[in-house]
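Following this line, the structures themselves.
Shared chain: chain A. Partners: chain B in the first complex, chain C in the second.
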Partner chain A sequence: MASIEIDAPGTSQLFIGNEAIARGALEAGIGFAAAYPGTPASEILGSLAAVAAKVGIYTEWSVNEKVAMEAAAGASYAGIRALTAMKQNGVNVVSDFLANLVMSGIGKGGFVLVSCDDPAAISSGNEQDTRPIAKWFDIPLLEPGDFQEAKDMTSWLFDLAEELGTICMLRSVTRIAHARGNVTIGELPHRQHRAYFHETHDLKSVMPTPFMPIPSVPRHKLLHQKMDRARERFESSPFNRYVGPESPELLIVTSGSCWLYSRDAVRALRLEDQVGILKLGTVWPLPEEFVQIHLGRSQTILFIEEIDPFIERSVMEMAANLSCSEAPSVFYGKRSGHINAYGELNPDIVIQAIRRILGVPYEPRDADYADRATALAKSHVPERSMGFCPGCSHRAAFWAMKTALKLDGRNGFVTGDVGCYGLGLGPTGYFQARTLHCMGSAPGVASGLGQLDRFGFSQPVLAVVGDSTFYHSALPALINGVYNRSNFTLVILDNSATAMTGFQPHPGTGMTAMAEPTDPVDTEALCRSLGARVEICDPFDLTGTIEVLLRTMAEEDGTRVVMMKRGCELVRKKSAGPPYKVYVDTEKCIGEACGCDRLCTRLFLCPALIWDKDAARAAIDDIICAGCGLCADICPQGAIVKEAA
Partner chain B sequence: MSDEARGCRELFNEVIDAGLCTLCGACTGVCPYLVHYKGRVALLDNCTVADGRCYRHCPRTYSDLNEVSQKVFGVPFQADELGVVRETLLARSTDQEIQHKGQDGGTVTGLLAVALADGFIEGVVETAMADDKSPQGVVARSRQELLQCAGNSYEPSPVLERLNRVTRESNEKLAVVGLPCQTFAVSKMKAYPAARDMNIDNVRLVIGLFCGWVLTGGFHQFLQEKFDLSRVVKFDIPHHPGNTFDVYYESGKESVELDEIRRFISPGCSYCWDMTAEFADISVGSGRAKFRGWNTVIVRSEAGAELVERARARGALETRPLPEENETHLKKVMRDKKRRILSQIIARTGDRSDLLYLGLPDEIVSRLLT
Partner chain C sequence: MSARPLNRDPLNLIVTGVGGQGNVMISLIVGNALVSEGYFVTVGETYGMSQRGGPVMSHLRVSGERQHSPFIPEGCADVILGMEPAETLRMLGRYGNLRVVTIVNPRPIYSIDVTAGLAEYPQMSQLLEAIEELSAQTWIINATEEAQKLGDPMFANAILIGALIGSGLLPVDRAAVEGVLSDTFPKQIDTNLAAFSKGFELLQ
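Showing the complex of A and B:
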């Protein structure tokens, strides 16, 4: 498969949606792209960074999404086309800057925000539709229905952004971002970028400093005028189209990947002659005249979209203005309960909705087919629960925290954060994390709890963040805790990687997105400079780590930091083999008997530890064992043996 | 209460969370889940074993005292004030160094030194005080190591946790020195031995120490705040008419009023009816005011009698019969205590047939209560 910078106009390339978006940005001649990693958006900047030096653009993994967007805005102000891409949570992080940016307007360089939503929260903490922010903040918004559109829309949005002088937004979803499809590519502009920030005091202008939201009222009015112009452009956009009979019995209104589900559903039901599909690509502001014309085709409308009823409600608002004779009689969708307003959609859901509305029969296969297919698929899959990788340092860290909290005996607990270690909520982290919200919230929540001694609160609090999350947004909460003398311990699980999203560099790593070395930030010195007491430990030294935690929790005076340093196993094993050969001495293993009760396979739960039911003994799965040897340290019988490999 | 096989969940419900735990250490050191940590038994994770040694050997889970007595002494449980008695004595070590370091007459150290020297045992599981004077279970294998264990900390020591480990790790012949609750737990280990992982038959001798109560729940912190513990050489609560807790330095002593430390008395001790370690081979207490520097000794078993005889013959132990006045007093104290504790237990359970951990025939209960 070709790299996104392939210079072969007119050829068809197999790209994942995120690569198609990146290619679209290259074809638009961007010079600057900044982002913070987050699934499902990460490959947009990742693929741009991989070719940045070659194509002469700048790319950056920024410390967080807000800084990424501000940095990209700086480029736009200096006349450089700029892109920032993020998952839905990132849009929340940038929202304050964004709300001001729509008022200030962008610079001469077009500026595009790509938001990748994650319906069903496959790789997210929350499920959230970011399209409403376009309506809330007045941002022109497009939604690609396939991979070609992902590229073409991205490219076109830069032109639109420059024409309107406002940021434009592309909303993608996981199934576009990570699925792969054919994209016919266009020309690369080979642009020579020249950056210059034009003098701010333009005496002819009423407003001496252009890039600011004030005076708010006239700028707000101006923004609405920009949106009106966007609507006019959308009326004739090729990204909106209708397929189906002249006057269908049922009209589906859809957008994004739901366009593909809708088409599949209509084909599967063989209802092409009865059901029409209005596919919208420009979803905010809605091209009202275009939509009205097509609404007139049918008395029955079904909205198919992920996640919120965004188009559904916008069209219904619009319909309220239509005269009675023009208004369609029935709207189906999330409001009517025919489509769920949560989770992912798929062709089956659409088929069922159409069946209910039109009363058509549909029996594609035997009733028990799905059960049989599931059983067959399961027979090929090893039985494993979601957990930390074999050899992961987080397992050791949570084991140490669990043990220390139990020994401490004051019913202490962990506030969790976003990263691989978010699994600390579940069995692989021994159910230790008791809160989990957005990035950086572990120390934030802890800093509040740490003030409650005045109300009788005496439970120790461990706030757990990863190293990348620490820089992203945990730092302000740490400062807040230290300065206000909040009683909690910040545990930084420093594995020197942004592991969950694909090992992007962060300020602690000493490497930039463009693979250039830079001076890493000294996390320990940074924490000490704030006045926090800092202890360093290696989580694989369980005894030492437990001692450090017990000592730190006992201090009860201000905010402390425990840095647990141990590199990500997935990074380590790229360059070195397993450090230990690990095996079970079945003579010593006592399995379920008193004195053990299957500690390793019942509680410790490394995926490489397996319970041999027939022998009633533990065993090691050599195929996946990372050879970390940690299980040898927790086995109460000394039955797990590690030998230097 | 019943005598069904149970595990750590029931142990917590019936003993630890019920305020009966004496921190003897019998349930710790056998598995990865129960850990003795800073004067508390911590449960590190859930365990699903239905028949756990933790529950089986706990001195505060239900025990049929007759059955245990039969298995340990070969006779039914003696409901008398002092339990099974072969001989009562006053005794003291003839070794000046042992006498000096010992709590009273140094009888325990003196006896054990003889047992070690004769090869009757190879190690003694007992309590030594760390530098900060917190008690910890150790194995003493020489006279010198024995001397380091002399003296009383008045805090509960998880000496049985050490026993659990050493009986798993080694095949040595052992003596155990413990409080009444601990000697009873050892009896339960002998009466209901674990299927594996424990060579309990290697415990050849159990020496019990008279005990009224131990001090827990912040007592160590109280000591740390009041005294320079690294310089302390001995603690003592002198017998009647003394009313102080004495802290000895090389240079002299400091005292606190006994009333000041009563609040630290372990709640579990208030349900204990055994002050003289009735399930030990030999029980040792102080000689009371009139016989300062002597120990009161109750010889109970054949093994105990043999060792006392050997020590006397060796000239290592000086003994004299326990004066009748002392014995009468001791019996009265024990009788009163047993009656008081039984009444207290019945007041708690509201049922004469439910005596918490004490499995006693009703006629014995009746006799003790009258």
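Showing the complex of A and C:
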């Protein structure tokens, strides 16, 4: 298995899309990459960071996406090729800077933004399509159709960005970012990076100020000229191509991950002689002449794309200018209801859309078999809900919060945030989280609720964020709460990791992306310096944590902070074995007769705590148990035993 | 290197289990070995939140012709490698067909829905009967049990890779897979190779 810096031009490597993008950036000779982690984008910066020292580039996990983009812009201004990568939500975070960056232009170093969208929100709160921002802000946009293109497009975008003097964008999705495929790699350049900021104020120019959006009107005009040049370049791009018969009965217009879905679907239906596929790689600005030529192939068009009808609308806008004889007569896609504008697509969805239009048969498996297989899976396969890992400190934290809120008795609740602890809205977080939006919104929403005592509001509010989220965007909301004397408690679940996305370091950890030690920010001292009262506890000390929460909620005066400190179990277990050997004393466990309502298995919900149906007793699944010993503390009968391992 | 032609192109393999079992590692090792033999390989994974105890599947598609999408169409699996029996049946329900070959580790992992009493985990005999009924051929490999004999249940993964290669269903030589396995786990080469051999032999 090769690392992305392998020096073997011409060989085929099995890369995930994110590694292919990182490799493309290396082949383009980048010197600077900065990002904030977010699934499905994290491995782009992650794989660059792993080889940064070796290949002589700088990489950084920045405090949030906006700062990452600003830092990378700085590198571009000093002539260094720079990349920033983020998930779709991150594009919203950078949008204010980005809207000005397109006006100011970039420096001599090419600058590429990679956005990884997450159709079906597999690891996200939403399934936002970021392509419209390219149209909205005037950014040249490419979408890779496979893993090879993920590499090749990234490399080429640096050249294009320098040629046009504007940031260029690559839009990937989960099924490119996190899928693996063949990538034939190219040469790695041996580039000596030299950074220098050349630009000075030039009073003779119409645009005398370097790297500023002003004067806005001439710069806006210039931006449109850049987009016109991009369109010209796109007209002959090899990333756009057509496969199929000369005059197909149906023409699919597609891009991105849907290119392979479309090819698979046409093949599964054996319609290669009747259905053509126009695959677009340069999706904004649309290469209108190229598209127009291919639209002429068929009277019937089907748009296949994730998620919004972006190409569909752009092509239809363009088609409005065509004469009646040139324009296709029927457009199918999201507007017609043949393809959903929500959820992710796959070959089966494309197969069904083609079948609906052409009325062709498709039977991938014997019909009787299909009925029987579906029935057996339905009757024999249990649900498998997601939950916190065995040994996870968040399970303890939510157990303590649930208990404390109940004991407090004023119908208090949790505002949730983005991270593993987002599972606080589900069964293993005991359904405690009542709101969940974007990074940092838990204390933001809480700071508003905490002002409502004047309207009779008396419910305690616990705003829950992780340590990485705290730095990303919870800090301004905390300052807002403290300064305006809002009544709420910020609970920082400090597990010393950005666990959800792969354990990247953050300012509280004392480590950089390039694995160099640095001084960690003292979160506790920082909160105190703002004027917040701070309490520290270990969530595995359930009794102590519940006491701290009860005391803090009772204070009702200004914003308080409770830091629950306990490292991520997935990190801990890499270097140490389980701390306890845990087992059930089957003499002491009295099963359903206990009156505890099977607190351990029915309520506590650790996947390692199972119910032995035959013995009618609790049991531990040794294969799964992390040995945290927490369950021994909740069993009212003392029947779960933990012994130091 | 040009690849040997496949009887079915693409060849569709599903590796399935529960988050945390090492599903991704299996498809990564097998996929790399296939690329070294000159094939186009696409691997689609379930990532992210579903890793937190949810069902996990990898779709691995092998072709001598071109890159395929990371999704196997429903009803089109050729081989299913199941690290957990209920998850194996879940995959057969959606992707099985009259020709599918199944290799299954019969060690159950209960879900929190089952432990909470909200869902029923079937008797193992019923589960395996259903798997056998829906497979043209079924191999039951006690991978977890064998792995525990080697000192760590995680060696079940190498045993299952061995079984998959031992089945002869994939167009890849044993040595290529052993090479990738050794590169991937340099610290535990001997035990992993022993586990691989164990699985390989179980399917002879």
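We take it that the second predicted complex is superposed on the first by the 623 of 645 C-alpha atoms of A that agree within 3 Å, B and C clash if a C-alpha of one lies under 4 Å from a C-alpha of the other, contacts with A are read in each partner's own complex, and residues count from 1 in each chain.
The rule is short, and it goes like this: a contact is a pair of C-beta atoms (placed from the backbone, for glycine too) under 8 Å apart; a residue touches a chain by one contact, two chains touch by 3 or more.
In this text, all values refer to a predicted model and were calculated from it rather than measured experimentally.
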Combined model on chain A where chain B meets chain C, clash or fit
fit
Scan A:Ser76 for contacts with chain B and chain C and give back first, second, both or neither.
neither
Which superposed partner A:Pro347 touches (first chain B, second chain C, both, neither):
second
One more residue to check, A:Gln274. First (chain B), second (chain C), both or neither?
neither
Value for angle(chain B, chain A, chain C) over C-alpha centres, in degrees, nearest 10, is 90
By the touch definition at the top of the document, which applies to A:Lys402: first (chain B), second (chain C), both, or neither?
first
Regarding the shared-chain residue A:Ser47, is it in contact with chain B (first), chain C (second), both, or neither?
neither
Chain touching more of chain A, residue-wise (chain B, chain C):
C
Would you check which partner chain A:Asn182 touches, where first means chain B only, second means chain C only, and both and neither mean what they say?
second
Touch test for A:Ile634: chain B only (first), chain C only (second), both, or neither?
first
Chain B versus chain C - smallest C-alpha distance in the overlay, whole Å
12
Dual-contact residues of chain A, meaning touching chain B and chain C, are 602-603
For a test of understanding, state which residues of chain A touch chain C in their complex under the given definition.
1, 12-14, 39-40, 122-123, 146-148, 174-175, 178-182, 257, 260-261, 263-265, 268, 346-348, 351, 364-366, 369-370, 372-374, 376-378, 380-389, 420, 423, 427-428, 500, 598, 601-603, 605-607, 609-611, 621, 623-624
As the complex stands, chain C meets chain A at residues 18-20, 27-29, 31-32, 35, 38, 40-50, 52-55, 66-71, 73-76, 86-87, 89-90, 92-94, 96-98, 107, 109-122, 126-127, 130, 133-134, 144, 153, 180, 183-184
Contact residues on chain B for chain A in the complex?
30-33, 35, 37-38, 40, 42-45, 47-49, 51-53, 194-197
For a test of understanding, state which residues of chain A touch chain B in their complex under the given definition.
402-403, 406-407, 409, 430, 590, 592-597, 599, 602-603, 634, 636
